[in-house]
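Both of the next two complexes hold chain A, though its partner changes from chain B to chain C.
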Partner chain A sequence: MSVVTLNLGQCGNQVGQELLNVVSNDAFNAQKNCPGVQGKTYYACALDRFFREEQTGELAARAVLIDMEPKVINHAIATAAKSDMWKYGDGSYFCEKQGSGNNWAKGFCVHGPQHEEAVVELVRREVERCDRLAGILTMMSVAGGTGSGMGTYITQCLRDMYPHSFILNHLTWPYSTGEVIVQNYNSVLTLSHLYQLSDGMLVHENDTVHKICAQLMNIKHISFSDINKIIAHQLGSVLQPADVGGTQSDYSRNPVGDLMSSLACHAEYKLLSMSAIPHMSSSSLAYSSFTWPGLLKHLRQMLIANARMEEGIDWQVCVPPVRQGAERTREIKQLQFNTSLANLLILRGKDVSCADSGAFLHPGLYSSWLPPEAAFRTWSSLMPFNGYEKSATLISNSQSLLQPLNKMVGKAWNMFASRAYIHQYTRFGISEEDFLDSFTALEQVISSYTCL
Partner chain B sequence: MTQSIIVQVGQCGNQVGCRFWDLALREHAHVNKKGIYDEALSNFFRNVDTRRSDGENSDITGGKIRSLKARAVLIDMEEGVVNEILQGPLRDVFDNTQLVTDVSGSGNNWAVGHRIYGPACQEQVVEKVRRAAEHCDSLQCFFLIHSMGGGTGSGLGSYVLRLLEDEFPEVYRIVTSVYPSAEDDVITSPYNSVLAMRELSERADCVLPVDNQSLVEIVNKIRYMSHQGKPGHVIKKDSTVISGQGGACGAEKPFDAMNNIVANLLLNLTSSARFDGSLNMDLNEIAMNLVPFPRLHYLVSSLTPLYTLADVSVPPRRLDQMFTDAFSRDHQLIRADPKHSLYLACALVVRGNVQVSDLRRNIERLKPSLPFVSWNQEGWKTSLCSVPPVGHTHSLLALANNTCVKPTFLELKDRFMKLYRKKAHLHHYLHVEGMEQGCFTEAISSLSSLIEEYSQLDATKRMLTPDVPRLTIAT
Partner chain C sequence: MQRDKSLKVKEVIESLCKLLCALGVQSVPGAETFRRAKFNKPDAVPEMWQLLYSIYVKAFAVDCEFQVPHKPDLGAQVSLVRSMLVHYGYGAQWLRGDRSQWDAVGSRDLLLALGWLLSTGSLLESLLWTAAQGPDVLPGVTRMSFTVPSSFDAPVTPKGEEEPPLGAEEWERALRRLQWQHGKLTFMRRSLLAAQEERARLLHQVLHSTRCTGDSQHRDAKTHLSTAVAGRNKELERLQIGTRVLERYLDWKLLEGLFWSWMGSVIDAQLADPPLSVPEEAAATEPKTLASGGGRRQVRGHKGDVERLSATLRSLLSEIRGMWAEPGSRAPSRERLWDAAGVPHLEQAEIQGRVRARLKDLAEAFAPTKLTRSYRPRLREPPRSKPDTRSCGALASELIGELREKEAALLRELGRLRRGEREEIVEQASKLEGVVLIPPPKR
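== the complex of A and B ==
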């Protein structure tokens, strides 16, 4: 089954391009390194997900690129063409000449409606080219204007157009002190609107990815391209073919649908965070070896101690005994224990059948109202991913995004109390009431996750 | 790629504008060695084929540079300065379709510029601006350059601002205003400035105030440094910041050095729109990020390095010094001390060989010493442009929305009141049709309320403002 990706704004287009890069490289390597049927199926399945074959025999991405300025899109198209492996479909992009100027309202109220028809048409064309549509993956940042504002509007259009298809939003959250002063406003508006529309929101925070680049990948001068590579790696490790049942040959036919059914089991809880292990620079990778018990032990501790990185994990945090009610909530706060609603573990690589993920089934990890068997799923694949002999990725619908979300809303609320910058939004049609509605919606989300 | 149009009004506006075009050409010539008309150039210049005989020059996109025309409209009610430009080395970048002139001047009277010349020139100005706009395929921004003290710049300049707003409501308006110094030779300059300020407060997206006194001090300090002659303290001869040497214009005129500084401000401000960089700042992001309240759009600017030393290598210490200097009093283009006032927001426009990590390190280093308003503790906007100014390895333009502009406005108000109480020179203004005393009271109360808005924000400084209680959700 195929996934149509929709890249919006500067960030969305850069991350989207990296993702397709990772996916195609990985698929080609799989075929090369594993000549049997296995490699072939993996290769065919991976490519069919994200690419279609054109009449000329070239691979074209099932992707639509949208931005309000041409620079980034031109760059993405040129880079893809240079890869010699795939390209973007002819005319499958839409761009204008002037950006949204960091203004969510401009993207949502002006550019969105203005270009709705053109954009929706591009998506429809791409969707009709899929034999079977698994879902739509939109990629954007929440901080700027085009990705966040127009992305939200387009998601709304797609929801109307495809009421029964899965829409997964990949969101990049900005650095806490960032390049955009009004980023917290833009984020609040994006998240609150998407919460009504999306089936699930997969979140990467620039701050945590930056740390991975600095401490695990040992990159001295971290650029946005380094950050996007890490995000693409993590996303790819989820979206590449994997077996959801038990037998290796039967790769999941709908990655987006299976992902949603495993993780987004309640309309109140849609925020999905990711962590992956291991991350290391290619130079040290050659000298490292990993064991499944070691990887899973780290990954589990990263989950319960809410660390997004294998370095600096707090090993003191442990799963609390299962208790009921208020008493439990208080204790959790003290221990900084991260309660999950649902988790999805994806294992890739050698001897994957020996990996024992039983430790993730501890009832103390989860909310009281969902049994661990329902809350935890494992996917696996024998194929090593992206050069890593063994790798594990965990997507978690848990409290881990609570703290950054809470900070974001808090800062935006402080600013809103002085009504600073509001005039920039009202002039394009976002009123104070709209802001209040958004704040209320997100406070509700915060409260729900806090009580998990 | 977007385009911008520069509208230069009055003697001062045209002189500053002239320096801008000279330096911009030089900068592009330095980067663009092959003489190709590229996107960077298209921002402020058209490429036309002047050999065509059918009158209207058509634009050429791409290819070799044929003949560059500035995207500019030159307006003055005297002919002197504009004629000088047209006879000077820059004559080829302008043509007659871009000029609006008259012969008699505004006599340092805002009312003459605004109420007489404004309506009289309206049609001409609109037509010429529209023609310039038609040559753009995505016009983003107008840059208005004028002075506040005289008659034409302040009176007609503020009238033109209104025209731009009416005719092009979607296009951003960034105004560079040169404020008179206290010892100004124009006696009515306080009237003119206050009357013009009302228009600026209502109609501009951003105003970059610059004052003559600071420019004089900066220029003097540069001269002093360059004549000191200590080894290692030699100012680079080819630096665009301090001199027009090497540009198209040969001999320096009296105000050239000062106007150069202002031209550099515009050059750096637009650098990110003209050249590539790892972190671009679009012009429409400036107001969005720096203007929290509609009237508080006066941005204090500072340029570094100003007192360039002829060092080839750039140790990180010197790079950090550039950031430190940007916040010091003697690098500001108006007399103001941002460090001891309150920041509402701050943008750092960096050019040259500087990394994101350098930027982050310096922000972290300087943040503790800079008071920011409680609701915008992280009010930084940054941009990185890979092309440095000619003769430099790196440069920084800091734009601060800071309450430190208040003293300048207070002083202006005092000088206005001194004249107004005695009704001095008032009759010159009231002669002009449609000019009533009400215009004066409205203008001064507009200024007073602006000052009051800054004072209220200033009062929150160093106050421990607790977080605003959040909305609570019934569970």
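== the complex of A and C ==
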């Protein structure tokens, strides 16, 4: 029931370090605030997922760090060591002197094959230390060179190596305004390749997380660190121990597998988006109280109106009547309603048994071919998460990522049509046919989600 | 020496018997039966039939997807074996007789048939392959039958009512639902595999600690493990059987050459025996493909044919030797050879004439042309005929001269004729009165 995390590139390493930080803090707090058996079980389960105990008694992360530049990795290792709670395993990182220069092709065609053996060996070592491998969680951005290109290549190697294990990719999508000029190329290539390899892709968009930082957390000067904290919080709320069966007695021993079989059973639909409620700065958190019905009402409206945070939700959007065929598609378009394929609601905190998630079982929320009983799952845990007395997270396999994906592909296509920067990719062995294949694959994804 | 050889032969045949037994062929007789069959003893016949039948059941019945009746009587066995031999192309005489009479065939014939079976294709190898494949079942794993929950699917229609035919959209939806379910099952399988791996790992740890401490507290764990151990033991047993079969096969391979020389002696014995009353035109035909590969050593031809031919050959050879021995003649003359072959003179002449004509034809047809190997025929564009300017120029001037001469002569002739005509006209016009003739204007 252990998860091996694989942090790739600058973004992956930063988010990964932040996630482990959140998880370990939460586990220690749980044990401290809830001294009984409950707290102990939660603590043991959480730590066993992401950490292993070394012979010295120290906690070492079940993580492998990979980057082509040493700076970020060194920083992550130092920060972890400073926390005095856990550290990275000795020698469980791989870095080189020279980066991939934001070139997907260089990461995929040069660095990947070149360092495959070393990286795969590191992962194998971590996997062998698990009693049971629940899954491999790779964390990377889609815009850069190392994370996206080499990450894709390494995912491919892992798929070959562990054909029967779950591989969950956490992807950070870049700002739509642009961090890197070729980010759309990199994103298209990464997504199209990962779609064949991964079991599911958890997506965080920098834009929406940035908005959360600005509007909900009231942060004035938003840094990547702030954004990473939000991402880590949301991820942690999913991956921390929870009861899957509804018995409130036992934590799931197969977190990644349960997540996948609730959300991404269909090979055409693998994009998972997340939204969590509430998000609040720690200063105002002390003066706030939440009720389950309120939280769930907001979260449901966020889902159907395709909003990622509780502010600025369009309350006009409502669930269309259950109809089928072209009529429904037309209606949904008019209403700007976000149709889901499957949803997973994770509730953490006090009185969780009182929370009624029946509103998520409305058939109108879902595609016509999957009934709500199969498409909706709830996990719950009595332990409050990361300082929030009550919190709810929704992972959704829905049309919510359709619009940003469409934009991304459109921009990349416009650049490709004028053959901009293509020579930078062909130089390393990514031909124009590869680009065309990637575009085709993503167009298929877009079409599948549109027809949901 | 003889005794040693016979011992060796016995060993060889025993190794074959052991190999056949190991390969799962039932009712394999002892080496003694083979020996008796070599000498065509009638008491070895039923055992040989049974052996052939067992081989048939083991090697060919499955191949042909034929349902073998459980323990048929000897008559049926004989009939099946006959059909099998005929099917795979064995052309011995006795196959043409009565199908169910098993005692009409000598045991040596059956031994030869067995030899033919062994020699054609790779009977033993294919049997070995089947044995090695075996039922490869993981111990302790039972087959599970999955039932897809029906509550999940389309609303159940009450019995008796006919379901309306599904439209394209319905089909699409059902297909997608099915794909979703399939994905879910795949994920479930993966989770189960992971759980099983974990179990194996933990069991290993328990075992390890049990062995280390030797503590009696772990007895429960031991009993729990005993089933797994039993499974492993079965696997081990299977592997040991496989190894044994392979060892037998190796033994056989080492001694195979000796077996074939012994089979040669069987054939010799068959040939040495007085011929049975069988039609002469029968002969062993080329075998059809049996398992894989073709025949290697086949008993070709009929005994009578062989004998006649070898007698002729022998007499010819002795003739030739005799002639060579004669002083003054280095090679036997053709006539002598013809005589030796017993061909009448007239026929000889005719044949010789025909041969000569044929040889001549051949010589003409295949006479070496001037093209040798150093020249390669190639397709080329026909060369453009360049006119020889000098010779053609001379020809043209001659022609022009000739033509001019001709022209001059003709012009002269024309002038002469014109003059004559004009004079005649003038003469006639002078005879007519009152008529004035105006000559045509000159061009």
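Please note the rule applied: the second predicted complex is superposed on the first by the 452 of 452 C-alpha atoms of A that agree within 3 Å, B and C clash if a C-alpha of one lies under 4 Å from a C-alpha of the other, contacts with A are read in each partner's own complex, and residues count from 1 in each chain.
The working rule: a contact is a pair of C-beta atoms (placed from the backbone, for glycine too) under 8 Å apart; a residue touches a chain by one contact, two chains touch by 3 or more.
Please read all numbers here as calculations on a predicted model, not as lab measurements.
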item	value
Three-chain arrangement built on chain A, chain B and chain C clash or fit	fit
Spatial angle chain C-chain A-chain B, Cα centroids [nearest 10 degrees]	90
Partner chain(s) touched by A:Leu296 [first = chain B, second = chain C, both, neither]	neither
First, second, both or neither for A:Leu347, with chain B first and chain C second	neither
Which superposed partner A:Trp413 touches (first chain B, second chain C, both, neither)	first
Chain B versus chain C as contact partner of A:Leu235, first or second or both or neither	neither
Partner chain(s) touched by A:Asn103 [first = chain B, second = chain C, both, neither]	first
Winner by number of chain A residues touched, once chain B and chain C are compared	B
Minimum C-alpha spacing, chains overlaid - chain B and chain C, in Å	11
Shared chain A contacts, counted only where both chain B and chain C touch the same residue	none
Chain B - residues contacting chain A, complex	1-2, 137-138, 140, 278-280, 282, 284-285, 287-294, 344-345, 355-357, 363, 374-376, 378-383, 467-468, 470-473, 475
Residues of chain A that touch chain C when the two form their complex	1, 131-134, 164-166, 199, 254, 257, 260-261, 264-268, 324-325, 367-371, 373-374
For the chain A and chain B complex, residues of the former touching the latter	69-71, 96-99, 101-103, 145, 176-182, 221-224, 409-411, 413-415, 417-421, 423-424, 439-440, 443-444, 446-447, 451
Residue numbers on chain C that touch chain A, as the complex places them	152, 169, 172-174, 176-177, 179-184, 186-191, 193-195, 197-198, 201-202
